[in-house]
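Letters A, B and C mark the chains as written, and numbering starts fresh at 1 in each.
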Amino acid sequence: MRGTVAALLAKELALELRTRESVPAMVMFSITTYVIFHFGLDANTVDGDLASGVLWVTLLFAAMLGVNRLFVAEHEQGGFDGFLLAPVDRTAMFVAKAITLFGFLCVVEIVAVPAFALLLLGPPLGQALPGLIVVLLAANIGIAVIGTLVAALAIQTRARDLMVALLALPLLVPVVLGAARATAPLLDHGGAQALPGDWLALLALYDLLFALIAYAIFDFLLED
Amino acid sequence: MLTTAFALVFFYAPVDADQGIIQKIFYVHVPLAIVALCGFVAGGIFGLMHLRTRDRRWDMRSYVTIHLSIVLAVGVLITGSIWARASWGQWFVWDEPMLVVFLIVFLLYATYQPLRFSIEDPEKQSRYASVFAITAGAFVPLCFGAVRMAEGLTHPQAATMTTSGPASVSQTFLISLIGMALLFVTLCKYEMASKNATFKLRALRRRLAGEDDDFAAPVARSAAPQL
Amino acid sequence: MPDSQPAVSLRGVGRRYGERVVLRDVTFDLAMGQTLVVFGPNGAGKTTLLRMLATLLRAHRGEVSVLGRALPDDGYAVRGQIGFLGHEPLLYRELSGRENLRFHARLHGVLATRVDKVLEAVGMAHRADDPVAECSRGMVQRLAVARAVLHEPELLLLDEPLANLDPAAITQVDPLIGAQSGRTRVLTSHDPAAGLAEADLVLGLKGGRAELLAPAADVTTDQIAELYA
């Protein structure tokens, strides 16, 4: 299992480095969205609830781009069959894809969060950063797990892009809710406040439950 | 049964002091919501059975329960907004987690049919629909559980309303709930029977059409599972 | 596994696609080391049959056993011993041939040195580092052959394996997937004469039914041509 996941991850990394299909698009999308928010809200700086909302909505939609592309190469270039022909544990595919998406999200955020601080955020980022990183990681796990499951569900449908959005957004509402509420006090205009533990706990619980569900039923999406 | 319930609603249960006659919608709205949500969860369980047994009848059951629950959910949203309009003065209240969660659940399940329809291979369709049913079926109690814990105050809880009110309220409510559940089960049975009959008819027609039954005109692609 | 056991054995196998039946009641045994050639017009169920033997599809009716293991329950045990070459090369277009084969080698637990050997054998060593997208159809097919035999499978499942290959390439890949490879083979073909020459056993499919099943010695090309009529 571990060897298989490693092989799949190496392949994902090679593919992304070669094609540069997902991460650059996600980064560009986030930055463009900040600009749109600037005009849409007619605000030069945001803080507190609003800042947290802007950040998470942007990251969520950027994540949707990555989810959309996640299984395209497998589907169109026979990656599924190639994988299914090998004597390996099929759940490895889920683990590898979720880690890939998690990695993509982290890389995107390394650029997109500072860009947010630069372009829109009122209070300084420095103070909020340690807490924010914790929230980002917790939310990324949730998005990666649900995103992978939804991407695999939607890849066989004809209206893939639409299906991904329609399926993933309701399922991710709790993640965004938890993440946004947990982030809001960090970005308060009076300086960063303590990280709210209850929202973070909700986020962690949701991550865990869906990781278990997805892990248990993912195999059924692979076989013919 | 349901008629009895409705009769009781109008003639037996007391009229709410500050909400007036409109409060009667409670006896439709809440049982509808509870039955719809249970239907979603049941659909998930049937989906799990389908994946475990690979028996397409389970997929059919899952499909029928979810399909009818969606219909009920539309009823919940309509009765709910009428009630909300009458008692809170607004069609929809955002700071009410129960409503928001129900709306999210409804939006999620609204993709069930398009998802089925857009997968061409019937077998894949059933399997993917089951995976969806399980995921969404787990999502429903999860969200409502979370909402229960972080309770909002404006939404009248069925439990508090029935236990704190006079006995006639709780009796009427229970009878409405049972009536609604029976209606749901009957509708499920009915739809299942009608689907079965359609497939039997189609199979017979194919047999009549000649020995080369496999090449009878293909049926139009459909979101409904095929037996 | 005792040698007397058939490499591939089907008993009354059927498969539906929705309400349409794509394979019905197919029964045959193929001995170890022999070659089965499947003929039949498009849509006769040839590809479905191969995908079923490759554990990619499961039978709706009947019993399938491959290399002495019953499918789909023992699919896991069979998978590493099957080489499947379908219409799709099953290679990532943006990765090079070498990268693709290395990936499959890791999945199958094969040493990386084997990759270079196979690339040499299919005559692709000089182009192994170009992305697959930049290779011609024939070259992609050579790489696909390399992928299929990478893990030295006992059973080869070949769906029109020689499509897109020039004569030089055909001679080159013959030791790998041809009759001399010594492996048990199931292959599909549209060419009655060439297919018959390779076959030990012939299966003719039409509309999912086995219209013809006989040792190659007893079959004439006319009988095969009739399937397409």
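Assume a residue touches a chain if its C-beta (ideal position, glycine included) is under 8 Å from a C-beta of that chain, and two chains touch if they have at least 3 such contacts.
Nothing here was measured: the structure is a model prediction, and the numbers come from that model.
**Q** So which chains are sitting against subunit A and subunit B at once?
**A** Touches both subunit A and subunit B: C.
**Q** What is the chain whose Cα centre is as far as it gets from that of subunit A?
**A** Relative to subunit A, the chain with the farthest C-alpha centre is C.
**Q** If you average the C-alpha positions per chain, which one ends up nearest the average over all of them?
**A** Located nearest the centre of all protein C-alpha atoms is chain A.
**Q** Pick the pair with more C-beta contacts: B-C or A-C?
**A** Between the two chain pairs, A-C has more contacting C-beta pairs.
**Q** Approximately how many whole Å separate the CA-defined centres of subunit A and subunit B?
**A** Their C-alpha centroids are separated by 31 Å.
**Q** Compute the distance, rounded to whole Å, between the mean C-alpha positions of subunit B and subunit C.
**A** About 48 Å separates the centre of subunit B from that of subunit C.
**Q** Just how far, in Å, is the C-alpha centre of subunit C from the one of subunit A?
**A** The mean C-alpha positions of subunit A and subunit C differ by 40 Å.
**Q** Would you give the residues of subunit A that are in contact with at least 2 other chains, written as numbers and ranges?
**A** Only 224 qualify.
**Q** Can you tell me which residues of subunit B touch two or more of the remaining chains?
**A** In subunit B, residues 121, 123 touch at least two other chains, as defined above.
**Q** Two-or-more-chain contact residues of subunit C, please, as numbers and ranges.
**A** none
**Q** For subunit A, which residues count as touching subunit B in their complex?
**A** Residue list for subunit A touching subunit B: 149, 153-154, 156-159, 162-163, 166-167, 169-171, 173-174, 202, 206, 209-210, 213-214, 217, 220-221, 224.
**Q** Residue numbers of subunit C touching subunit A in their complex, please.
**A** 51, 54-58, 76-77, 79-80, 82, 84, 86, 88-95, 99, 103-104, 106-109, 131, 147
**Q** Which residues of subunit B touch subunit C in the complex?
**A** Residues in contact with subunit C: 121-123, 202, 214-215, 218-219, 226.
**Q** Enumerate the contact residues on subunit A facing subunit C in the complex.
**A** Within the complex, subunit A contacts subunit C at residues 3-4, 6-7, 10-11, 14-15, 18-19, 73, 77-79, 81-88, 223-224.
**Q** Note which residues of subunit C are touching subunit B in the complex, please.
**A** Touch list, subunit C to subunit B: 17-21, 24, 207-208.
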